[in-house]
Amino acid sequence: MKAKAFKQPPMLRLLSSAFILCWLFLAAFPFIWTLWGSFKVELDFFSKADWTNAVTGARTIAEHGTAFTNNGYQGAWVQEEFWKAVINTGIVCFFVVTISLTIGTLGGYALSRSGFRYTFWFLIAALIFRAMPHITLVAGYLLPFFQWNLWGILPTTIIVLVAINQPFTLWMLHSFFQKIPKELDESAKVDGCSQFQAFRHVIIPVMWPGVITTGLFSFLLAYNDFTVTSMLLSKENQTMVPKIASFLGTTQTEGNVMFAVAAVVSATAPLFVLVMFFQRQIVSGLTQGAVKG
Amino acid sequence: MLFKKLALATAIGLVSTNAMAECEIGARVSVVGNEFPAIQAVGAAAQECTGAEVTTNLTSEHQEINVAGMSGTPAEYTSAIIANSSIVALMNEDVIRPLDDLVAKHGGDLKPNQLITIDGKVMAVAFMANAQHLVYREDVLKEIGVEPPATYEDMLAAAKMIREKGIMENPIGGAYAAGWNLAQEFNNMYIGMGGEFFKQGTAEPSINNEAGVAALEMMKSLSEYMNPDFLTHDSNATSAEWKAGNVAIMNMWGSRVGPLRETEGSSQEVVDNTAIAGPMTVGGNETPATTLWWDGWTVAKNISDEEAEATFIAMMNGIRPDMLNEETSPMAVWLIDGYEPTPAAEGVFDAASRNSVPYPMLPFQGLMHSALGDELGDFMQGKEDAATALADVEAAYTAKAKEGGFL
Amino acid sequence: MKHKTFFWFILPTALAMLLFIALPIVSVVIQSIFTPHEQVLKVVESCDPFGCKETTSVDQEATQKLRDAKPLGQFAGLAIYRDRGHLAVDEVKAAWQTREGLKDFFKTINNLPFYRAMGFTLTFTFVVTPLLIVFGFVIALAVNSLHRHLKGLAIFFSLLPMIVTPLIGSLILFWMVDSRGIVGTALQWLFSDPNLSLKASTGYTWIMLIVYGVWHAAPFAFVVFYAGLQTLPQDTLESSMIDGASRWQQIRYVVIPHLMPLVTFVALMQLMDNFRVFEPIVGFNAQAHATSLSWIIFNDLGGETRALSSAATTSVLTIMGVAILLSPVLIRTWHDFKVKH
């Protein structure tokens, strides 16, 4: 940011810093509140008597002698074997991201390089596909999946998530590829490369910023999905989100909300590590002329 | 000495294998059902069978998957654990088989009242019961000097006194969350008022009548003593309110009484004073304003006879009398032979002994339930009057019932 | 690109979408114009642990005969589209004929589930989408001006609203805005109204859902815009500086035009997502005050007796709604496409 254009006058700088602080507070506060509350008992965290209990932990002290308890974590991880769900989520996320980026980049690249009219209609169709509410799609899968013995296993869920995520991936990558100058691969083709070789040697090295951003969204979709995973996975293959939902109880029986709260915090922790670990890649990926105009 | 030890060990081994070998099955068993602890216990007991694999998939999404999972040939699930509200979905789709032959062959331990028969055919075997009934705070009621209410009118009077004495601002609790819960409360109240949901023998709705209006008016009066957010309080939230000591009287599921008496997440004062009684009546009628529920298991139709037999044997093992022990007994109100009612079961037993009405096992009751849940919210918020709300319910139900081929 | 090359490149993704989205859509459309067969009812005696009584039941044999004759069900045409649960053609006509002024008409219409859901869905879509675009843009500008070491942290925290599982995220927020929760208490103090409850009134519930919608989706706009900002043509910016453009003018004439394609993209995706708003309604237990099309589908599929045809019809209506909503953007894309090729 050496360019003078980016030097801000002090007043604006102050304003912008104040704004970003406000936003970060708004964004992070519920999470920090949850993190803090996850070490309390339910009555404190959901403080139905007085919200200050959530800060001081009055009931937690009464029950456990200290203001912090790891009962929620112990219950979720040891008693309910939440780690299994974590592993399943890991598998699902890894394959969903890999597969959807692989076939998405191929498709997105083709769409951005072909000038025929059908590419437009293909993109529109993909958009309409995306409009379909997931819950209806999933309800339609159930019968055939049971019939063909595909229900309940991780690969089925992975493929379904990849497919559901394709329209978005295609649109996003298509617009990223459009920003990569056509001359690059055209000249490679003049040099005797096939389209695929041109893609491999010329486009792949410069496509990462777009792919990383798209990958981030694919990851979040797979990570947070509830509709598909709750209906298509059997109990032992469950991923984190349906597992968390199962802690909440049903109409006739009591659940354990604090297990869910502890699990939510645990579920976010690996993401924190991931973002911190990849932050340089993400930031620089985004920075290195992601969408060269 | 060594020999003696060995002999002893073998003897013990023999005894335990004997206990295990009682249940021997010859084909796969696969069970789908809800996930609460009582059903988990039944599933675990069924899995003790040897000879073939018994798998269970106990999840809160069971209702979304059981019909699909039993429709294929052969069906993925050989048994579904359901309740009186959800068995109709399986019967409507014709995916469960009559059990008469299997009951005759292997059903020796069953009590006659465990058999769910429809049109003379045994369609399910029930193993536990549930009902909503009164839960009250002994200390609070003592303070205002009234007996536990036997009618909803008494409940209102008690609530008024509690509020006037300044003990609690909103003394009545209730799972009035718009949707399933609210509809269920209406069902209770409407049955208590002596109403019938349908014209006998048809699927035509008949709730827009005096009993319906009276039921709604009573719910409205009760809601004035509830937390103003009552339309968002499901039974989880209502239980939590109870534990926090914000509520003194409520109509609650029998299956939730046990946890209300645990100090976990509650205070000693609340725990010690949580008392229960049978369901209340309303409008001077005798029938309690509640519904009786059972949970039971079924056997799939699209499976081989061997699998059906294995499933029946395994599920019978799941509900055999000696699966009841100190740990499993308090989990539910069991219908199994030899069950000794725990104190938490009093309310449900009282409901059953006073001729309460079972939740209707009708093919189209689910549609009525959804319509009630969707349309009554407006009335509870005071946006429309009772008759309009009920007319809306009938219209919404009629549209769905026509589409489903019932009308 | 040649047709053949294009085909091989696009095949995997096209196949995935064809199998898992296009085929289900076809079956949903079929389902929406066929209804289940007439159920033959009979009165039988049924017994349970609590006694025996006469109940109505479906005569499976008779119904099965009907089913075997026509496996798809009864052809209903557009009947389900026209019934009270969907477009409610007859009810709307009647309401128009018996109206006592427009207000009364809209009140009657608002009592019909489909139109009530549309009312909230459209409000939500058209309030949340612009707000989140503006918000995301400002955050992107602000984060972009941060020191490079702070950026990673700022990006992570900005992503949190998107990362925390909506199911639990809304549950926690739901408790925070409870009249005894921290946010609820703060608002009561702010408005000095001790009886203020956000959950008890329709208006506040809508505001709450809208605020949640913006909070949850702003990070998406932020990330996309932030990526776009990295490629601002520096020379254009500098020359505009030299020409004496103010900061505002730079944003107005250089930054915004540069980001315009991304704005279109974000608008496209978010209009669609907001039109399908669902999770916050469930998470906030808000169905008494606000419903949406997706929620109606969920409700139809989730009941004890599932209304498959009704859910299918609402799904088709949702797709049509999205198509109408996006048509201006699509027409523009079409023009761009034609100009380019």
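The letters A, B and C name the chains in turn, as written, and every chain counts its residues from 1.
Basically, a contact is a pair of C-beta atoms (placed from the backbone, for glycine too) under 8 Å apart; a residue touches a chain by one contact, two chains touch by 3 or more.
Keep in mind that this is a model prediction, so the values were computed, not measured.
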- [ ] Name the chain pair with more contacting C-beta pairs, choosing from B-C and A-B.
- [x] B-C
Open item on the list: If you average the CA coordinates per chain, which chain's centre is most distant from that of chain A?
Closed with: B
Open item on the list: Of the chains shown, whose Cα centre falls closest to the middle of all protein Cα atoms?
Closed with: C
Task: Averaged-CA centre spacing for the pair chain C and chain A, given as whole angstrom - done: 18
Task: Centre-to-centre distance between chain C and chain B (centres being mean Cα positions), rounded to whole Å - done: 33
TODO: Could you give the separation in Å between the centres of chain A and chain B, each centre being the mean of its C-alpha atoms?
DONE: 37
Open item on the list: If a residue has to touch 2 or more other chains to count, which residues of chain B qualify?
Closed with: 64, 234
- [ ] Indicate the residues of chain C shared as contacts by at least two other chains.
- [x] 178, 301
Open item on the list: Could you pull out the residues of chain A that touch at least 2 other chains?
Closed with: 46, 48-49, 139, 245, 248
Task: Residue numbers on chain B that touch chain C, as the complex places them - done: 63-64, 67, 84-86, 88-89, 91-92, 94, 113-120, 126, 129, 177-179, 198, 200-203, 228-229, 231-234, 292, 294, 335, 352, 355-356, 358, 360-367, 369-370, 374, 377-378, 380-381, 384, 392, 395-396, 398-400, 402-406
Open item on the list: Help me check something: in the complex, which residues belonging to chain C touch chain A?
Closed with: 1-3, 5-6, 9-10, 12-14, 16-17, 19-22, 24-25, 27-28, 138-139, 141-143, 145-146, 148, 151-152, 154-169, 171-173, 175-176, 178, 180-182, 184-185, 215, 219-220, 223-224, 226-228, 230-231, 233-234, 237-238, 240-241, 247, 250, 258, 261-262, 265, 268-269, 272, 275-276, 278-279, 293-294, 297-298, 301, 308, 311-312, 315, 318-319, 322-323, 326, 330, 333-334, 337, 340-341
Open item on the list: Under the definition above, what is the set of chain B residues touching chain A in their complex?
Closed with: 34-37, 56-61, 64-65, 68-69, 71-73, 75-76, 130, 175, 180-181, 184, 234-236, 239-241, 243-246, 253, 255-256, 259, 263-267, 293
Task: Touch list for chain C against partner chain B, complex - done: 35-39, 41-52, 54-58, 60, 63-64, 74, 76, 80, 83-85, 111, 113, 174, 178-179, 195, 197, 199-200, 202, 284-289, 299-307, 309-310
Open item on the list: Taking the touch rule as given, give the residues of chain A at its contact with chain B in the complex, in rising order.
Closed with: 41-43, 46, 48-49, 59, 62-63, 139, 142-143, 145-147, 149, 151-152, 230-231, 234-235, 238, 242, 245-246, 248-255, 257-258
